[in-house]
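Both complexes shown next keep chain A, but they swap its partner, so chain B is in the first and chain C is in the second.
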Partner chain A sequence: MKGTTVCITGAGIVSAIGFGKEETLQALRQGRSGIAPIRYLETTHADEFPSGEVKADTPSLRRRLGMQDGNRTTLLGILAIQEALQQAGITDTRTVSLLSGTTVGGMEETEQHYAEALKHPGTTISIRTHHCGATTDAMAAFFGGFRHTATLSTACSSAANAILRAAEMIQSGRTDICIAGGSECLSKFHLNGFNSLMILDRRPCRPFDAGRAGLNLGEGAGFLVLESEVSARRRKAAVLGWLNGYGNACDAFHQTASSPEGEGAFLAMRQALEMAGLTPADIDYINAHGTGTPNNDASESRAVLRLFGGNYPPISSTKAFTGHTTSASGGIEAVICLLALQEQFLPQNLHFSEPMEGGLLPVQDQQPKRPVRHVLCNAFAFGGNDTSLLLSNQPV
Partner chain B sequence: MKQPVYITAASAISIQEPLSESWMQHPVVPQGGAAYAREPDYTPFVKPLEARRMGKLLKRATATAQTVLRQTGIARPEAILTGTGHGCVQNTLTFLNDLCQGGEQMLKPTCFMQSTHNTIGSLTGIQTGSHGYNSTYAHGGTSFECALMNAWDLLQLGRVHNALVSAHDELTDDYYPMLQASGYADGRMTCPTTEASVSCMLQTAAEGPVLLQGVDVLYRPAPEQLLQALDALLEEAGLQRTQVDALLTGANGSGTDRAYDPLTHALPQCELLTYKHLFGESFSAGALGCYVAQACLRHDLLPACLRRGGEDRQPAPRHWLVANCFDGTDYSLILLSKCCDY
Partner chain C sequence: MRLLQYIRVNSEGIWLNGRFSALPTGDWAEALYRQDGIQYPKFFKMDHLCRIGWMASELLLAGENDRFEPRTDRAVILFNRSGSLCNDTQYQTTIQDPDNYFPSPALFVYTLPNIVTGEIAIRNGYRGETSCYLLPDFDAGILVETSRQALQDPGTRSLLTGWVECAPGQSDDLLLCLVDAETEENWNEKNLLQLYRYGHL
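What follows is the complex of A and B.
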């Protein structure tokens, strides 16, 4: 990559398949999905739409952190950030920047307060902890402060754009260390929003399968500590991986549908490769956006085939494990990619039985046929905000 | 080596005359409480059929973006960066209200779709057919400044030559009491709670009178950290503290006004200016600070209305520091200069 080399010195994750990297890795290796009937979110759709909830209610998340309050998005974010900072050996965050991606923000808390307020005419709810920036700043406050905080909100690519932005900030010399990723909890608001768009599957989702019928929502958080290589060396921090390239492109097609040719996805992946100075043949694995909706998987398949041809690398969606964690997905899946690079395995694409027409054959065998050195991690979003990250276990 | 970055056009919809700089000579003097923006005629920007499907925020975003694109002759911006504190509030509240009142059935997809913050920047992407970099910040009252900083870095890294940077926030009758209950519409404020849409074009391979010299956003800085950030901005611009001759702050009469004290003390020679008494407070107010400063530099005029009882000053001050503090937690600094060749 031209300019400053950006490496990864910490990673943290929480999702339906576990708290932390160790539990996540076990679930991935054992093929254990976290998709289940909804148990913690109060909704009339609890048994209708299987989802990937983090297996703990909000009060017990607070207890884990010794906190009196804090909404679910904030708490999940803190858990992942804590793990990442710890691994990176960072105790003083005052010169570090925090970039978090979210769209739900404090909505899950707000919708409860709003419903309560409706029962008592004349009362007005506070939205102090509601907006996206408030959840990021609440995470920052837990750790005592950061130099800079920012919240990316590009729907389902929010966390991926936070990670990409962290690299830009390091390369432009603004900062040496950034913690970046995203956090999102399940809310009635977006569960019903996705339902109104008729893209939720009533069965466990089947990404890239001919019979796929939509997505399962999930929740969680994933964060990476990104650092200039010079800073990591100076701190004698162990380097876990490298962010060698990234691409952000806009599909510019439709607010909730991807173009048939997957233009935004194609451009984002191509940019990531170009930045790293790699060719399609160098890519050993793609963690697809792969939501399981008919539209996304068709469009993403087309983009992959356009860029890689018929000889495309192993590809899988891990959303049948975690559910679609929307804004957090780019962070959660970047951590999964890092685990794949470190442990040299290919995350499986669960629930695949029959290829779709013009589609891809996703990973069924965890054992890679060649070393996993360079992987692409895709996150695409409403509005065509498409982002691809190129992670490696070596610099380029 | 730093690349010069020019703000080659900017437009705003606010409680002042929309898409116009007439506020410089004929400002609307706002009352307190909630004050809604003045709507322009949207027919030059949106077809009537399309307009009916758009909320007011999307119409405003279209109008401010199109104005700037037409002025600069750029059909497809290479990057589109958007900041919004709350996005399309009207749609969000409609969906939330339907959900809580009517239950979890028969909800309107359009309201949900337009409740996501990036629907604004994506719309600009779709309207202009721009496949380039497109990102959105929703970081309270420094959303615009985060977007501006992102654009700045892309320009400095040489990844793009131009970037459309915008900020959009709207106010509704249902939303205002929530802002009050949250302390965001503080009773001590001497300016109204308002709404704002601002777009500006940043370019490297261009010229013009307005030079953007740098931007920084800080979380809960100690006074010395704020001054360190100021000095770093000045150093990058090759300036001394004594050369800054205008300090435009986001002071609004509330308790957070003390946030600007370290800056006013560090820059005692500066003409101290405010803008929220004319434009009000909102999550996008910081964008209006930038807009006001660039308008003064472009017209080489410091209008009386910014000077609180003073008279018009011409030429305008040459080096401007625009400072905004959101809720006592998030601070932004924007440094602008008049390009000496103009």
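What follows is the complex of A and C.
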């Protein structure tokens, strides 16, 4: 990567498979999925669509943080940010920028009050915390404020784009330290919306499998502390990994479907490699977007085969563990990639039994055949907004 | 950075590169679509935000050579205040009544404000960066700074950027610009503010 080297000095995660990196790692190593019948979101579809809920109700998340209020997206975000800042040894956030991706924002809380409010004309429901920016501001307030905050809302690539944007800010010299990622809770709005698109599986999802029938939604948050190498050295912070490249491309095909040739995915991955000055043969693992929908997995497989050929690196989707955490997925999966680099293992692709035609054979064996040095993390979104991040355990 | 083309649309009219024309009555985007004889049936599936952003980009790009050649070097970076609220409100009507509950997939896909960047990219074969930012208000400084940063990517040579704002009960408010990386420093906060206020430089 030209110019400033961007390194990672902290990481935080919360998802259906646990609170924090330790629990997440254990679940990944033990092959324990967090997909289950819906327990916390109030919906008539609770037993119909298995989902990856964070295993705690909202009041207990508040208690965990000693807070009186706060919506679920905010609380999940705070938990992940707290872990990341702690690891990076940052106590004063006034010189740090916060970039958070979300699309649901405070919608889930609004849903709880909306019907009631409509019955009582004249009363105004509080929608102060409804919009996406409000959840970022509430997260920022918890830590006493940041130098700069921004919210990115590009659907399922939001968190990945927040990380990309943070790297650009560091490289352009606008800031030394950014905490970037995303947070998203389950809401009736997007559960029903995805159902209307008929892309939810009624069984646990099976990414890259010939019999895959859709995705399971999930929720959670994942954040990275990104920092210029100079700043990390000055603070004597331990460097956990490097963000050596990234790419964003538009698939320019359809509002919600991916192109048959996976053009956007192909271009995003290729850009990330070019920026890092690496070749396809240098990549040791790909954490796929791999939602489990027939369309995404076919398109992404095609993109990988076009870029890497038949000798493609180990690839897996971890969405059968966490569910598709939509806007947070890029953050959650970037943290999972970092764990893979640190612990030298390959997260496995659960529920795979039969390859699709022209498809990929995803990771079944956690033991890598060669050192895991450079990994790609994919996040693709409605609107054809495709992002790939290149994380490494060494600079290039 | 160089400003190549611009279009301003508000309740008073349309300024295309400074040339004024009155706003057609009713749905101005649809009126212009029909008037210009454009053949792109997907237009009618779009929500209001996409229609106005898409139509403004049509007017802006109409004269460009090799316009539909797929390219990766052009970004689409748009800003607004109200996200996809026009469409969100319509979608809400399909899920409002428990006894008449039919979430519309056609409306659901437009409950994301960044879809407008995708619609423009699909039409023109752009495979570069697409982003959509929400701001409290039009902010020339942030627009200029963000486009400057986008052009730091060596793969990005030009961008379609600007403000595409609509909300229920409010007139549409757009300023769309085509900018490239050439050194002619007419792409700055002062000029952008001038364009937003007066529609011409």
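Just so it is clear, the second predicted complex is superposed on the first by the 393 of 396 C-alpha atoms of A that agree within 3 Å, B and C clash if a C-alpha of one lies under 4 Å from a C-alpha of the other, contacts with A are read in each partner's own complex, and residues count from 1 in each chain.
By our rule, contacts are C-beta pairs under 8 Å (C-beta built on N, C-alpha and C of every residue); 3 or more make two chains touch, one makes a residue touch a chain.
What you are looking at is a predicted structure, and each value in this text was computed from that prediction instead of being measured.
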Combined model on chain A: chain C and chain B, fit or clash: clash
Winner by number of chain A residues touched, once chain B and chain C are compared: B
Which superposed partner A:Arg64 touches (first chain B, second chain C, both, neither): neither
Partner chain in contact with A:Lys55 - chain B first, chain C second, else both or neither: neither
First, second, both or neither for A:Gly383, with chain B first and chain C second: both
Partner chain in contact with A:Arg203 - chain B first, chain C second, else both or neither: neither
First, second, both or neither for A:Arg235, with chain B first and chain C second: neither
Superposition clash, chain B against chain C - the stretch among 184-192, 202-210, 220-228 or 238-246 that is involved: 202-210
Shared chain A contacts, counted only where both chain B and chain C touch the same residue: 103, 131-133, 150-155, 161, 168-169, 171-172, 189, 192-193, 195-197, 248-256, 263-264, 267, 381-385
In the complex with chain C, residue positions of chain A that touch it: 103, 131-133, 150-155, 161, 168-169, 171-172, 189, 192-193, 195-198, 248-256, 263-264, 267, 271, 381-385
Chain B-touching residues of chain A, taken from the complex the two chains share: 3, 43-45, 98, 102-103, 105, 110-111, 114-115, 118, 124-128, 130-134, 136-137, 140, 145-155, 161, 165, 168-169, 171-172, 174, 188-190, 192-197, 248-256, 263-264, 267, 381-385
Residue ranges of chain C in contact with chain A within the complex: 70, 72, 76, 83, 95, 103-105, 108-115, 117-119, 121-122, 124-134, 149, 152-153, 155
Chain A partner contacts - residues on chain B that touch it in the complex: 80, 84-87, 95-97, 99-101, 103-104, 107-109, 112-119, 121-123, 125-126, 128-143, 146, 150, 153-154, 156-157, 177-184, 216-221, 225, 283, 329-330
